[in-house]
Amino acid sequence: MPVAQIFMIKGRTEEQRKAVIEKVTAAISEAVEIPKESVRVWIQEVPSTDWGVAGQTAKDLGR
Amino acid sequence: MPVAQIFMIKGRTEEQRKAVIEKVTAAISEAVEIPKESVRVWIQEVPSTDWGVAGQTAKDLGR
Amino acid sequence: MPVAQIFMIKGRTEEQRKAVIEKVTAAISEAVEIPKESVRVWIQEVPSTDWGVAGQTAKDLGR
Amino acid sequence: MPVAQIFMIKGRTEEQRKAVIEKVTAAISEAVEIPKESVRVWIQEVPSTDWGVAGQTAKDLGR
Amino acid sequence: MPVAQIFMIKGRTEEQRKAVIEKVTAAISEAVEIPKESVRVWIQEVPSTDWGVAGQTAKDLGR
Amino acid sequence: MPVAQIFMIKGRTEEQRKAVIEKVTAAISEAVEIPKESVRVWIQEVPSTDWGVAGQTAKDLGR
């Protein structure tokens, strides 16, 4: 029953986030040979003001 | 000083989330025999579009 | 399908950690009125050298 | 720069955990169309004594 | 490549959150002697209704 | 009462991890102008076999 938490900068489309859930579930299912039914995945979007790379916000870095 | 993070699909009422905080705090306090004052709990709500079960979003599963 | 992650300083007995799982599951189940089957809980123990309160390690604080 | 944290019951082989890292990275890279270089993934293994399903430990459930 | 996740009650200004990212990045960089470029930090704000201290919400405690 | 979780590849000395706790606590305290007593920090070390950069383990990358 693996669980994946994905953190991303806010702004991806619903379609992309759906693809993340679908593909990450399949990836884990294959890697550890368990049915997809056992896998949980959720995404936590973080605003670009609250995500820091090298001490700067993603917003200030223009992402 | 245990800390609990609770992840749930968005949509529970404020009253229910308050009950989660109250009851989970009491549960941990009893289980490890420490005062409730030492326990921290927070809830992170995840939109149904971003929560995946078996590779499908909770939204698509109608939850 | 709520998921709880509990962080605690390493050192509780297996019996106590089992009680945490049992009681936190029941607490969430009651608070949001869902069957216990839908609840996942796991504990992550952190060594006292790696847990900080007010900038000091729990080890140095004698916990 | 998405980051994935994967939680699993302890016990998978190093080969399987490596496959998780490889496949989850590829999955996220494809889903949001970014180079694999931007993706970070780590696994946190949880002992079966500390992982609860429906209020019982995975150990007691024989997993 | 250390990663820091900071959880705080919602309500700090963007300026304060930016300072958190800047200062925590510098702190980790100094402590483990790596360039700031290798550090990732993000903040997750939690509404005061969803943050519990001693079993009460931060909102009820007037924070 | 901010809480910081720091994830790092396993292998830093106890002295370095202590410095992380001390400095990150001070950093948050200054950034949001609260006493250090209100800050909690913990470190979660991840084995190099379980940490992935660009789809490869840190171990395979020689880190």
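All chains are identified by letter, namely A, B, C, D, E and F, in their written order; residue positions are counted from 1 within each chain.
Methods note: a contact is a pair of C-beta atoms (placed from the backbone, for glycine too) under 8 Å apart; a residue touches a chain by one contact, two chains touch by 3 or more.
For clarity, every value in this text was computed on a predicted model and none was experimentally measured.
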item: From subunit D, the most remote chain by mean C-alpha position; value: E
item: Remotest chain, subunit F as reference, centres from CA atoms; value: B
item: Averaged-CA centre spacing for the pair subunit E and subunit C, given as whole angstrom; value: 21
item: Gap in Å, rounded to a whole number, between the CA centres of subunit C and subunit A; value: 24
item: Centre-of-Cα separation between subunit C and subunit B, whole angstrom; value: 13
item: Sites on subunit C at which at least two other chains make contact; value: 1, 3, 5, 7, 22, 24, 26, 40, 44, 51, 53
item: Pairwise touch network: line, ring, star, complete, or other; value: other
item: Full enumeration of touching chain pairs; value: A-B, A-C, A-D, A-E, B-C, B-E, B-F, C-D, C-F, D-E, D-F, E-F
item: Subunit E to subunit F touching residues, read off their complex; value: 1-9, 12, 16, 19-20, 22-24, 26-28, 30-33, 51, 53
item: Residues on subunit D engaged by subunit C in the complex (per definition of touch); value: 7, 44, 46, 49-57, 60
item: Subunit C-touching residues of subunit A, taken from the complex the two chains share; value: 1, 3, 40
item: Footprint of subunit D on subunit C - complex, ascending; value: 5, 14, 17-18, 21-22, 24-26, 29, 35-45
